[in-house]
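Two complexes come next, and they have one chain in common, chain A, joined by chain B in the first and chain C in the second.
What follows is the complex of A and B.
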């Protein structure tokens, strides 16, 4: 007896279930680091315009394909961050644009400078940005520029916003549908169960890619690409809940047979209380696992569909679109900075998976031990 | 209902419809429990003994409204002195009464939620019936759980642990603590020790017995093991294929069984003394027939060594032979059945 939980000491006595989960989660270091990374990425999502140094859509042919630009921190022994202005011109001998740095002129890089106008969190218009070159935003290109002279860093920040949010509604909707409909099916059984199961079978027989292409063609012409994509993910989530729905139903059917559920019933516990205290906790770890697989899948889907030209299209900005811009072979040799968007894709997907592992273990310590 | 009676079950019947085929049409019924009647006084302990499959679990669950009964009534005297029929009471009126009747489960693994701490498990009835039990705050609940753990012989620190940290016997103690938490007037214990090691069975039974006497809880003990009941119960009822075959005070049943089935059960008890092995044994041969199509006449006749023609066609009544003693057998007057060796 008492072999295990002593390790938490006395605190455990007063800790709620959430506190316990958090304590267990914290011991999973990789998951904690990943959670911080995801927190950072979603902060970028919220503050994309503020973090951008230049208007991501502003085209300037004379600045095409600039390499990343280092910021010099010191100037004559004092702290004075600055960049040197770069001018690019076409070199007819090597058929390439060459960029010349002017080491004599210094453009100071400041925090909280005025730049292009945007709506802060959609609330009020402002032109304040985290950093930049006052009055000449395009002069700074932290990650270089693309073929149309657009600032890659600013585009990446905006792409992060699109890629990390556009599929969320769909994922959440299919999780909710899966848990609720699967739960009803398994808990009540009988006719409701039969009905839901038939619906699932019908939905499962619909092929998704032709449906996707068909729906995409059927959308009103005057809708923007983002809106079309968003609506498509939502429509597809009406099909995507079926797997989770079946799994939840199966779990509920098994759990209904457990003596401890009968015990609660005979004790006089209400239905809601039985569902909340006995059934739902038993599926949370599974739902978390499903969610943490669905979120990276949503990112991959956007990235790969857009890369192939089936998902988002310019002028929208997303990770997939940015990578599509890096499709040519020359990129590897001459303009490797255009591959930068691959870094957040990989990082985000790994982070979701690690956080998922950590949460699953923390939410349901029992599932590991048996 | 006579004063002092806690539970009076009359003609309780539970038949499960059997559905088969692609359209799930009813194609028969499992006669799990048929026409069972018995009564239980306040604070008394009654054992129901029968082989596996004779309908004990079904009886327990029907009585506590886990299943809806096919027929019959179960009159229960509530703590407020009202007499109600548990089997037909509306769900709404039943709910507050649930506190007064609790169940101890057979399987100490399946009956405790592995995701809840012992505090949460034992605290559940306290939360549901907190008002009636006068336990309103989290603090009070914690204190009461502590008290209950001590009562069932566990350390109070156990409250913080999850069930997986405990052995089968300890889990059953936790289950009993949960039962006690509600301060029940009636406890139905369905094979409370049959899943446990022999070495701890006696401890758990003694605990149940002690608590039953200390708190004056009417206890219905269901078991397939006659040895279990001998020292625990005041009265014993023997069940076979969903029917009661004999009821008697515990000692009487052991020394002079009235039904051939009881005699066969007694004879099947393993004895430590090798010398008594040589006694002519009444064989309890063959399987229990299926309750889907029970034998005609006396349900026990296919396995009974004394069976006559009459037994094959005519179902015997449960007859009162002396006060407090009933037997369902055509031949009880003629047979002189051997009891267990008095040791």
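What follows is the complex of A and C.
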């Protein structure tokens, strides 16, 4: 006789697969911290314009290569955040612009001030920004400025938006290709499998950068920012899908032999229903983990290509384009703050790696591995 | 084993053929061709080319023929060992790239040597002293190695060299050897310049390799046969070298195949940052100019070198892993 446990007066707590995954993921402390960091970075992606203190494209030669400006929090013992105004002057003796701080004047830094106009989340126009100097947005340069006097902090915030979304878009596209082709390869086997595996092997044995360079160089110079962005995503995912395809195929091959799949077959379940009900849920977490681990490669690729001038092009702003400004060591030695965009690049790559590791360890909640 | 060898060689040939088509398509992809970009350049200099001369140029470079025909001509010449002539530079391709190709290989090989020389001892140390202070330190360094893209590392090395030593640490040869014929002194100069690019290029792969070796060795060390050997009084060093290390070394050789495409790729970007005289700058400008023979040949040669390197690593694996020799699969 089959009786439910409740009939014995026992209440059973059940946890879904996702709850178990989450419980195990939480044990990986570094992964949790990284997840929070990534959440923060994608918040920056959403709110880039709001967080920026100045128009990232506004050129002002008199502000070229301004060093980072500290915000003083205290004033005469009271809390009054302010900056000292900086003025740049060309010094004919050293052939360089020299920026002088005026320690007597104080410009108050306030929260929620009006600045340049933008569309909030593409919904409505506004000019509200998180912080800045009221009425004089250009007076504040948290991370200094570049050679054209554009505010590096504001550009960095906008570059984060581009670089993190292009990686995501590339991974989503690779995911579609990888899951479809890897799934077909693993489920049907035979000749299709052999063909797809050969293609993957060939793609993996080609050095990627010459290939990317070739494809990127093929993009006409007069294409708009959006079009280049889109094509670059496609180029990145052309290679990126191979690893995902292998992972999915491997999983399918293993799962096909599982007892519960055999049981489902014996109970007369159709192929489509087996794939949908049993195989897809079982590989989802692995696919997500692999995709997370594929993201850093995408970010590195975009950054490297843009850095060489073959990826995104100005007026687009991305981490790679910002690092282009730091290409000359002689320039860099005098203005080390130009290297600031390297910090989010490294942080994002590491964070995606840790989260991916954590997800991979947690992906199979029913295995006994801890 | 013979079947495996045959299949592997066939696959390498197939890959090279696929790469040749890909490189050809790459050059054909941009709108226009070499002559159109040449005509544009002439026009921008104020000396436009008369239309009949344009036609002559097209015929001379074979651009009036269909793409498939041009691919066959290119391949036919390549098979006879004729790499063609660069359209822009007017120099034989073989002349432009010979030195640079060797330097590219030298940099990549140096990076592989660096990877192995560092990853092997560090991986072993991290595994047998798991959770020690040294293990944590190396783990931390590995994360740094994974997190810093190599062009950024190159930039950082150049910056620090400039700030600390006031020296340009880029390049592969001292100024006086750049145009000198190859001799022992020039080779020694090259070897002295190699460590820094090798470090920059090899760090990412090294970090990855250390993690793999450590994980594999830890798996092996917890197996019963190790305990048996220890119980029988085998010394710790012999115990380690006898079996666990040999098993754990497998991925070292097998990943070498994928390490090579990765390093050749990386060397292109690192070369641009550290101004190394490899094929990278030539490839970049040739791609921009749609210089078919130069760009196509470079992409193809880089691909071939990679495929051959992968083949060698697979043959090595065949030698050290009996499972492949007897079963024909890895």
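Keep in mind that, in the parts below, the second predicted complex is superposed on the first by the 266 of 370 C-alpha atoms of A that agree within 3 Å, B and C clash if a C-alpha of one lies under 4 Å from a C-alpha of the other, contacts with A are read in each partner's own complex, and residues count from 1 in each chain.
We adopt the following convention: a residue touches a chain if its C-beta (ideal position, glycine included) is under 8 Å from a C-beta of that chain, and two chains touch if they have at least 3 such contacts.
The structure presented is a predicted model; accordingly, all values stated were derived computationally and were not measured.
Number of chain A residues touched is higher for C, counting chain B against chain C. In the superposed pair of complexes, A:339 makes contact with chain C only, with no contact to chain B. Applying the stated contact rule after C-alpha superposition, one finds that A:211 touches chain C and leaves chain B untouched.
In the superposed pair of complexes, A:57 makes contact with neither chain B nor chain C. Contact with chain C, but none with chain B, is seen for A:350 once the two complexes are overlaid on the shared chain. In the superposed model, A:267 makes contact with chain B only, not with chain C.
Contacts of chain A with chain B, set against its contacts with chain C after fitting on chain A, share not one residue.
Across the interface of their complex, chain B is touched by residues 1-5, 12-13, 258-260, 262-269, 273, 277-278, 281-282, 364-366, 369-370 of chain A. Chain A meets chain C in the complex at residues 198, 201-202, 204-211, 213-215, 217-220, 296, 300, 303-304, 307-308, 310, 323, 326-327, 329-330, 332-333, 336, 339, 342, 345-347, 349-350, 353.
Considering their complex, residues 11, 14-15, 18-19, 22-23, 26-27, 29-31, 143, 146-149, 151-152, 155-156, 158-159, 162-163, 168, 257-258, 261-262, 264-266, 268-269, 272-273, 283-284, 287-288, 295, 298-299, 302-303, 306-307, 310 of chain C touch chain A.
Per the touch definition, chain B reaches chain A in the complex via residues 61, 64-66, 95-96, 98-99, 102-103, 105-107, 110-116, 124-125, 128-129, 154-155, 157-162, 164-167, 170, 178, 182.
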